[in-house]
Amino acid sequence: MGEAITFWVLAVVSVTAALGMVFSRRAVYSALMLAVVMLSLAVLYAVQDAPFLAVVQVIVYTGAVLMLFLFVLMLVGVDSSDSLVETIKGQRFYAAIAGLGFAALLGLAIGNVALGAPKGLAEVTKAGNVPAVAELIFTRYVFAFEVASALLITAALAAMVLAHRERLRAKPTQKDLSRDRFLTDNPAGLPGPGTYARHNAIDMPALLPDGSVSPLSVSPVIARHESGAVVRPTDPEMVKSYVAAARERDAEEESMSLTREAEAETPGGEKEEK
Amino acid sequence: MPWLSILMGVPVLGAVGVALIPKGREQLAKQLTLLVSLIVLALTVAMAVQFNPSGDRFQFAEKYSWIPSFGVSFGVAVDGIALVLIVLSAILVPIVVLASWREADQAGTVPESGAAAPKPKRSAKTYFALLLVLEAMMIGVFAATDVFLFYVFFEAMLIPMYFMIGSYGGPQRSYAAVKFLLYSLFGGLLMLVAVIALYVVADKNTFMFPELIGAIQDPNVQKWLFLGFFIAFAVKAPLWPFHTWLPDAAAQAPTGAAVLLVGVLDKVGTYGMLRFCLELFPDASKYFAPLVITLAVIGIIYGAIVAIGQSDIKRLIAYTSISHFGFITLGVFAMTRDAGAGATLYMVNHGFSTAALFLIAGFLIYRRGSQRIDDFGGVQKIAPVLAGAFLIAGLSGLALPGLSTFVSEFLVLIGTYERYIVPAVIAALGMVLAAIYILWMYQRMMNGPTAESVRNMPDLNGREKWVLAPVIAVIIVLGFYPKPVLDVINPAVHHTLQSVSVTEPQPAVPASADKKGAGQ
Amino acid sequence: MTTHYLVLSALLFTIGGIGVLVRRNAIVVFMSVELMLNSCNLAFVAFSRMHGNLDGQLMAFFVMVVAAAEVVVGLAIIVTIFRTRRSASVDDANLLKY
Amino acid sequence: MSPAEITQYSGGGVIGVSWLMIALPLAGAAILLLGGRRTDRWGHLLGVAMSLASFVVAVLTFVALLGRDPAQRRLDIALFDFIPAGSLDVKMGLLIDPLSISFALLITGVGTLIHIYSIGYMSHDSDRRRFFSYLNLFVAAMLLLVLADNYVGLYIGWEGVGLASYLLIGFWQFKPSAAVAAKKAFIINRVGDVGLAIGIFTLFATFGTVGFKPIFENVGGASAGVMTAVGLLLLLGAVGKSAQLPLQAWLLDAMEGPTPVSALIHAATMVTAGVYLITRSSPIFEAAPTAQLVVTIVGAATLLFGAIIGCAKDDIKKGLAGSTMSQIGYMFLAAGLGGAVGYVAAIAHLLTHGFFKAGLFLGAGSVMHAMNDEVDMRRYGGLRKIMPITFGTFMLGYLAIIGIPPFAGWFTKDSIIEAAVQKHWILGAAAILGAALTAFYMSRMVFMTFFGEKRWEPDTHPHESPANMTGPMILLAIGSVFGGAFLVLGDRFMTFLAPVIGAPGPEYHGFQPLAPPGIITFVLVLAGIGIAWTMYGKRPVPVVAPRGSFATVAARRDLFGDALNEALFMRPGQWLTRVSVWFDNRGVDGLVNGLAATIGGTSGRLRRVQTGFARSYAMFVFVGAVLVTGALLLVGTL
């Protein structure tokens, strides 16, 4: 009776959480919903005489894997969210059909099978669940276990290799760096952030002596980021100037590229005229 | 002495040797190829001399286990039919090598008259190596007595030929090569299905041909398997309406490849019909004979009519071959001893006759830089030896008595007439059409006032004479004295038809005194 | 009771599948995959109890191991892609076509 | 007396080596062709020598044959096993009997004379050697045709002479007209050859052999229908080779060849092969009266057809060619009548025709040679004084052909007319009318060429031909004078041929020159000469041909034979060829290429499924999983 109550409660929770995971716009919410599902499942494992798995579930999944997810989400942008417009034609429709069909088919299959009462694991876990599992792991499944360990090591290596940024040229020495710097227009370097700034944050542009914003002083990546919908700096004056600066830069870039294109075209045209 | 293995091994080794010759030493490659092909010819002749026509059906048999779990073995042996075709291949290869001596240097380029010899785009060395590989395959396909091995050779032959056409051919070579390959593969895969089915249904755990004779009794199974084999052979032969790959392939292939393609490779189709279709599926063969004969007769007339309308000399020759393959198929499926012997002899004779036509056409094209018939005219006045050789080759194409093709065509027709009168009569009309397409082509190219474009055309040089002399000699000698070849063929054909168990048609009024004698 | 677990497992699996199909954020897609794997584990555990042996649990254990490995590699790939494309949408990596 | 039996000859002597008759000229041809320019200087001499040697062998064989008992004069000489196949086993051999030796003598005799003549005639041609090699080839093939002891050997010779004819008509191949004429001759002959070939097939299917002896001995066992079919098929072959209706069209064009060729091949020998075939196959025709009737009809129709054409031609060689058709029509008529009388008449006329027609052609050649190769008779005239020998020999041939007693043609033609009249009055009337027309057109030719005023082209300086040309003409003229009397008087030839075709029945009473048909013929012949004299002898001949009536135009255009061929065969044939080529490119190949294009297009569209979106691939996987699950369930429930 206790199991039934547990099951029904957790079933409702986990299905709701799973749906939430799929349909929430924000990835962080999805991750948290997934954590709920996993914890529910951990409890269900425990209810079904699998305490070891329940613990592993909590530690490995909820503890390690989900944390990994969250870290990656941080890298990618915690607040990143999907647009709700579906770009592939008919994807959602067919997904719904296929999902319903699949669920229906599985339900039909499971419903049609008369399953006997569970035998229970009391027989095989006389020495306790963990020792029994351990015995199996290190006897019958020892080979698979070793392979799994090899897999994990490989995966760790693979992750390192993949996430590693490949160095395409030799590491520049100090001499190289200084030579490069002196070959630029600003050997002394760009003005430091916040020369005349009221903030010392990295995304605060420098002001020129006349009080206007120096577009050169802010990294383009940050500038683009800031010019997007979500702008957090609170000073409205600054916000305005950021936006104006960003627009100006965009326009400049556009005109530059146009000129380049025009330049690329003209020599051919001249030739034809000749 | 494992004659057949040696015959296959020598060209393969030669091909490896030729391929290993360093780049830039084309001359050495050519000489080595010629040497190897001549060695093969010598070995073939040595083997053929030892063949005993009245002995066992299959001689020089060898058998090595290959894939034991499926009962596949490397089984080779020859009977009279296979022997003459192997000899044909062995004779043609050195001739082709010699004929390709110059052409191969310019392979893959579009010849333009007047322009300086264009820079070669492809390695001539590879061409000659492919030629030797092809020779090994050709010998193998005729010698194979294991049906699976036959299939392997049947398909493997495509590879060197594909490259010879696709890399060394005319302007549309890739279209032609792909068409050739796809057609052949289509038939070949049907045959593969049939080969596997044959193995399964016969249930003897072997692919050896002699043991499979009579293994399939169920007539329905026979019909399906027959179709599997037959369509492959009909594509290869090529029988109407599976023929359209041949004009393209032959017109685009370099001369040497065209000779071997039409002269030998296509014979595998008719050879397969005679050897495999008839003997493995006798009931189905009899059931389908009227249909096949209809197709063959259509092919004879149709090929000839379309040949008349061609403006490209190589395409024209290809269409004449379609007509001639109709005759061979007709002979095979008439299922009389005369027609069978005629069809087999036709395979040999057609090999030489078409070879001569293609070779001379190749010489002409090499000189003029064009395949169009209209680009020639009045060549006889300028190059009488060339024209004379062309005329002899052409006349053998129209089966003039005294030339070898006459004997075979006559045998096919007379043998067919014994059983099927109407098809034989219609097929005989092909003789008139043959005269039209050959003589009209000859007239357009060789007769009349000398065209300006051929005014400086040189006559045959020494090498070219040596290329043509053996072919033409064979054509004439076999025209007057075909007995040696027929003596080898006859027992094999007799065997084949015994396996099919057909009754020979008997004359209404058998001449009493001496049935066979002519006026004795 | 086993049937209940199996139905729950099927439901979660389907939801995970739909998630893979409709979501574009690569990380969420991965989460959906994890959900599908977990639903399988649930079925394994349920079957383990039903049949009265531990093989099912062992299998679930190995699934977790493999899933962990897969997540590690997968997320590394996502990070790499994000680094070059500044996007974590699976639809943006669509060059492998036609 | 029925024909004598053919016996195997295994003895030696000249008969044993009679194959040399064929081998010698064949060797000559081979040497001259392979030798190339090296043999240019003496090639013509070798050609003549080989032909002459062959003639000598023929004469010796003839003498040896005469030395035997008449019943022992049909000898078969085995040579070699030619085509040993399943049930067909062709053993090549020679049949030496009175019939074949008569032909051999004609071929080698007239052939040698024409070889000699050609030395002079072709002396200005740089390719004279090639010409002689072809002539030798022709002699060899023609001898094989008449000497073979089986139908396959005959067929080889049959096509061999066709080849020689092709090569010689097209000898001046750089003239497009010659090339076209050669091709036309070969192709029309091929049509006949196919008939002959099918006839041989039928014989083989019926008798199981192709040898003359076993076939003729068993003709009685075969059904009349089969024999009629065989007879008609052989006739088809014969009309092709002998330029009879309806395969006559090639002969007039064949005059494009050098004149000695026209004399030898297209007058004396090759074109008479059809008559030989019918006579040789007499047992078959005797068993097929319907076929015989058709032969006579063909002969009668052609003899009028050729004569009418001959009346209108201004080209001297074409006029003679029409005459040849007509005369061979006589032979066909006679051979179709059957019986010893008919065959003997046919062969006798064939022999005398060989002499006088060859002589006439050589005369024409001599005239052309003198007139810068001008062939238009309207450009001749008044040549009798300048070319006395040519005129004389031509006149003798002329008198022979129109049937003036006692020249050769009178004897032989009269025999035919007599036999035709006895058979049916229509045939007789045709033969007599033909004789009158012959007299007309031959007289026209003589008057236009040798009499009247000179109408030459300005720069012609005619002269008498050299001795090596006039010599053969004189010899042939002698034959034209005495040949007929020699053969016919005392039934000499009939007796000689009796072992082959049997003796005539009791109703035959020998040659009767003074019977009513002969007299009527003679009167009509004189009338024909008279009309010709009034039209061409008395009046001056215009240099440009007048337009003429419809009949004249029709005759000039070969009675629309070519137009008919063109409308019935050439145009539809060209159309069929074009349609077939189109069908092959668009239909058969189009189907294949269409299939390829369809597959290519489909896969090109199907390719679009690979959108590059991983989610869409996932959808396929998922839908696939659903389907597989469904299928498993379905299988489980079933």
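Letters are used for the chains, namely A, B, C and D, taken in the order the chains are written, and counting of residues starts over at 1 for each.
As a convention for this text, a contact is a pair of C-beta atoms (placed from the backbone, for glycine too) under 8 Å apart; a residue touches a chain by one contact, two chains touch by 3 or more.
Keep in mind the model is a prediction, meaning the values are calculated, not measured.
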| item | value |
| --- | --- |
| Which of B-D and C-D has more C-beta pairs touching across its chains | B-D |
| Centre distance in Å when subunit A and subunit B are each reduced to the mean of their C-alpha atoms | 68 |
| Separation of mean Cα positions, subunit D and subunit B [Å, integer] | 36 |
| Distance between the centres, which are taken as Cα means, of subunit D and subunit C, whole angstrom | 94 |
| For subunit A paired with subunit D, centre-to-centre distance based on mean C-alpha positions, whole Å | 99 |
| Residues of subunit A whose C-beta touches two or more other chains | 88, 91, 94-95, 98-99, 102, 106 |
| Subunit C, residues touching no fewer than two other chains | 17, 21-22, 24, 91 |
| Contacts with two or more other chains, residues of subunit D listed in rising order | 611, 613, 615, 619, 622 |
| Pairwise chain contacts under the document criterion | A-C, A-D, B-D, C-D |
| Partner subunit C, residues of subunit D touching it in the complex | 607-608, 610-615, 618-619, 622 |
| Complex interface listing, subunit C residues touching subunit D | 17, 20-22, 24, 29, 90-91, 93-98 |
| Subunit A partner contacts - residues on subunit D that touch it in the complex | 611, 613, 615-616, 619, 622-623, 625-626, 629-630, 633 |
| For the subunit D and subunit B complex, residues of the former touching the latter | 6, 8, 33, 36, 76, 78, 80-93, 95, 130, 149-150, 152-153, 155-156, 158-160, 163, 166, 170, 173-176, 178-180, 182-183, 186-187, 190-191, 193-194, 197-198, 200-202, 204-215, 217-218, 221-223, 226, 573, 576-578, 580-581, 584, 588-589, 592, 596 |
| Subunit C contact footprint on subunit A (complex, rising order) | 3-4, 7, 11, 14-15, 18-19, 21-22, 27, 30-31, 34, 37-38, 41, 44-45, 48-50, 52-53, 56-57, 60-61, 64-65, 68-69, 72-73, 75-77, 80-83, 86-88, 91-92, 94-96, 98-99, 102-103, 106-107, 110-111, 113, 115-116, 118-121, 123-125, 132-133, 136-137, 141, 144, 148, 151-152, 154-156, 158-160, 162-163, 165 |
